[in-house]
Each structure stands twice: as C-alpha cells, then as structure tokens.
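For reference, the structures are reproduced in the following blocks.
Both complexes below contain subunit A, partnered by subunit B and then by subunit C.
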Partner chain A sequence: MTMAKWKVGIVSCSGEEIPEGTISRIATRLVLEKLRPDETVTICLPLFLAGGEGERTFAKLFPTITVDGCEKRCAKIGTEKYSGKPFATVVVTDVLKKCPNLTLKSRDELSTEEWEFAEKVAEEIAERVDEALRRQNEQLRSEKQ
Partner chain B sequence: MSEKGKVVVVACAGMDKPLGSVTSASVFKVVEELRPQKVELVCIPPLLAGVSLHSELIMDLPVITVDGCAERCATKLIVKSGGKIRGRIFVPDSAKKHNLLPESASHLGPNGEKLAENIAEEIASVVDTLTKEI
Partner chain C sequence: MGDQETLKMVRENLCLTIDGCPSKCAQKNVEASNGRLVKSFAVTDTLRNNRNLKPEGIIELNSEGLKLANVLAKEVAKTVDKIKGGKSL
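Take a look at the complex of A and B:
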C-alpha cells in the first residue's frame, strides 16, 4: 500500500497594495518551485476565501503556513476562520525588521536587494515547512507505538 | 483628484495559476504606470478580514474586477461584500483574444508580459469610461 505523502499548504497574502505583498508571493513561489517543491503546495487565498471547498478541506487536513505581507495578517485570519489554526505564520514586515537598511519600493519589478530579501523570506518559510513535516513524522511515530 | 473621482480595481491574486500572475502584473501596470491618479488598488483578503477602509472604498467607488480564472473570486467576493461592480475583465478571455499565454506563474516570458500590457490597456480603458461618468 502506498501512503499519501504529507504536504504543507502555503497560504500567501495577495498583497497587491504594498511591496511586502509582492515579496510574500515571490517568496512563496521560491519555496514551491525551488526550495521545497516536493513538500509544498499553494492554496489560492482568494479562492479559499470565496468558498473553495478543495482548498478549505486541504487546510483542515494538512498543516498550513501563512505568509502575510503586513500586520493585518489577512492570510492568517482567513485560514483560522475557514479551516483552523495554521502551523506557523511568517510576516514579511517582521523579517524586514532584521534588515534595517532595506526599504522595499516596488510592487512589480524587484531590485537585486529586494530579490535577496525575498530569498531570505523564502528560507524562513522553508524552515517552517521542515518543522511542520518533522512534527507530522513524530506524531505518526508516536501513533504507531 | 479626490477619492470621489477614482475607481477601485480588485484583482484575483491567483497564486496557483499562470494567468493569476498575469492578472497581478496587469493591475500593477495600471496603478503604477497608466492611471496612477485614477485608481485605488484594493486587496481581496482585507475585505474578508473586515478592514474598514477597504470596505468603505468598495461601497463608495465604482469597482472593476479582474479575474484570472473561471472561479472568478474577485467578482464573487466583491458581490459578497456589497460593492458595486461597474466593470469586469476576465483574463482567460483576453488571453484567447490576444492569442498570448504566459510561460509559467513565476516567469511570464515575453508573451505573458505582452498579455499583461494588453490587459492593462483594457483595464485603463474601462477606468477612463467610468471616471468620465462620475
């Protein structure tokens, strides 16, 4: 019998209004396509909020990581409202505090520094993915014993 | 220009589809290059999170929705939130019309960029029509 592989759902804010939203989306894509392609899927936040049953069911059954551009934390609030508490939340403005010399300017074309920052946010997300999977494996092991 | 002379644009974020990325790119072109003085870009999630400024904007100003797929989440969520939709752009239709498709969600490529430009022009045209009526 083949066991279904655990995946982690990443719910990114759409954040079109601010540069931090663009960083959220790019960092999420970096995780999905480069850093943890086999371990992650994305959940489309507008579809999730509009009532997408597939998205909501997935988020109830699998661990989720929300990625919010700003302190409104819409992805986290939406996930909690419709599915359950996310395993972890990454807030771009919190990560930005670790880079005091960086000011985000563009919503569209990222500068080299902004790309490097998006990669840093992606690495933080990937660390949370690893934690979530580690937790799942520990849980499975303890259930078997 | 006062907010009363403006139009709200609400676009799907479309993280999981290439045309969602085209949607985002096209609205950025409208807001940052084509009609920066006439458009307020409103994110979808804060509407559902109950951020009051966003709710007031979609109630007070005409809204253009830009949807990246057949789910039409932007349109559905504005209807659900009580906003007045005065214009709608359906990106898959525009892609067919212009016979252009992006390479992927993370890399639009030349065709995807061209499609985003064409859709931005379509949105700007609707903005102009609506702002003349206000």
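Take a look at the complex of A and C:
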C-alpha cells in the first residue's frame, strides 16, 4: 500500500504594492526550493481566490501556512474563507518589528540586507512547517493507538 | 476578498491585468469584483512572441527572463500611454 506523504501548503501574499509582498514571495520560494523542498508545496493565492478547486481542496485536507506581507492578511483571510483555518500565519511586518534598523525599500531587486531578511522570514516559515508535520505525526500516532 | 479600499480602486479606475498562466486569475478576480478591466496581458503570449527568451529560475530570474519581463513591461506601458492619450486599444 502506498502512503500519501504529508505536505504543508504555503499560501503567499501576492501584493505588488509594498516591499513586504516581494519578501513574502521570495521567503516562500526559499522554503519551497531550499529549506523544505520535500515537505512543502505552494498554493497560488490568486487561483485560490478565483475558484481553483484543486487548491481549495488541498487546503482543506492538508495543513497550510499563510505568509502575509501586511496587516490586511489577505492570504490568511482567503484561506479561512474558502478552505479552513491555516495551521499558522507568518506576517512579514511582524517579523520586521524584530529588525528595528531595517527599512524595506525594494520591490524588485533586493539589497543584501533585504535578502538576509527574506532568509530570516523563510526560517520562520520553515519552523512552522516542522511544527505542522510534528503535529500531523502525533495525530497519526494517537489514531493508531 | 472584499477589501473595500481595493474594490473601490478597481471599480473607479481602469484596470490592466497581467497573468502568468492560462488560468488568468488576475483577470478573473478583477471581473468578479466588477472592476473596469480594459485589457488583459498574458506572460505566455509574450513568451510565444519571443521564443528566443527562455525564462529560468524563480527566486532569481535569469537574464533572458528579465529581458522577457522588460518586453512585457513595455507592452503594458504602451497601453497605459494609449489610455492616457485617449486612443482606442
């Protein structure tokens, strides 16, 4: 019997207006491609909102982590509206509060400091991925007992 | 999503959408919000017309990908100019 491997869906902000949107997308890609490539998939937020059934079903069945650029939290609200409560939410402006000397400016080419910040956000997302999978495994173990 | 500020913006201003794939989510979302959509662009069309430019890399686009983005940006800018000049699209 083939067991389906648990994956965590990451729903990123798609905002182009503010640098935090760019950071959200780059941090998400860093998780998908470098930090947790085997444990994560991305869910396209615009497709999710436009009625993508595959995306919505995935988010109902698997844990999701929303990555929002700002306090509007569109990724979180959209996920809650169409699928269910996300396992965790990372808000870039919240992470930015931990770096008081950093001002984000770029919306296309990131500076060295902005890249480092994107990596920091990515690490926070990766920690939530690990928590989600740990929770999932605990649940499976308790169901078997 | 229902953000009133954004809904007001797309309903009171002319909108151009740029979609990365044939699902055309940007176009669909503006239409579903009763926005004033005047033209839709698709990266796949730009790619079809510029087959020599092969975009690679997602975190960091390669130089061909950046060139392709510039081609599309110019197309969008031309449309903005037409709108500003009162010309038909």
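To be clear about the criterion, the second predicted complex is superposed on the first by the 145 of 145 C-alpha atoms of A that agree within 3 Å, B and C clash if a C-alpha of one lies under 4 Å from a C-alpha of the other, contacts with A are read in each partner's own complex, and residues count from 1 in each chain.
The definition used in the following text is that contacts are C-beta pairs under 8 Å (C-beta built on N, C-alpha and C of every residue); 3 or more make two chains touch, one makes a residue touch a chain.
Quick caveat: nothing in here was measured; it's all calculated off a predicted structure.
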Combined model on subunit A where subunit B meets subunit C, clash or fit: clash
Which superposed partner A:Gly21 touches (first subunit B, second subunit C, both, neither): first
First (subunit B), second (subunit C), both or neither touched by A:Lys72: both
Touched partner set for A:Cys44, first subunit B, second subunit C, both or neither: both
Contacts of A:Glu33 with subunit B and subunit C, given as first, second, both or neither: both
Which superposed partner A:Ser12 touches (first subunit B, second subunit C, both, neither): first
Contacts of A:Ser83 with subunit B and subunit C, given as first, second, both or neither: neither
First (subunit B), second (subunit C), both or neither touched by A:Gly52: both
Superposed model, subunit A: greater residue contact from subunit B or subunit C: B
Shared subunit A contacts, counted only where both subunit B and subunit C touch the same residue: 26, 29, 33, 44, 46-47, 49-52, 72, 74, 77-78, 81
Subunit A residues within the subunit B interface of the complex: 12-17, 21, 25-26, 28-29, 33, 42-47, 49-52, 72-75, 77-78, 81, 107-108
Residues of subunit C touching subunit A in the complex: 1, 3, 23, 25-26, 28-29, 32, 58-59
Residue ranges of subunit B touching subunit A (in the complex, touch as defined): 11-17, 20, 24-25, 27-29, 31-32, 41-46, 48-49, 51, 71, 73-74, 76-77, 80, 105-106
For the subunit A and subunit C complex, residues of the former touching the latter: 26, 29-30, 33, 44, 46-47, 49-52, 72, 74, 77-78, 81
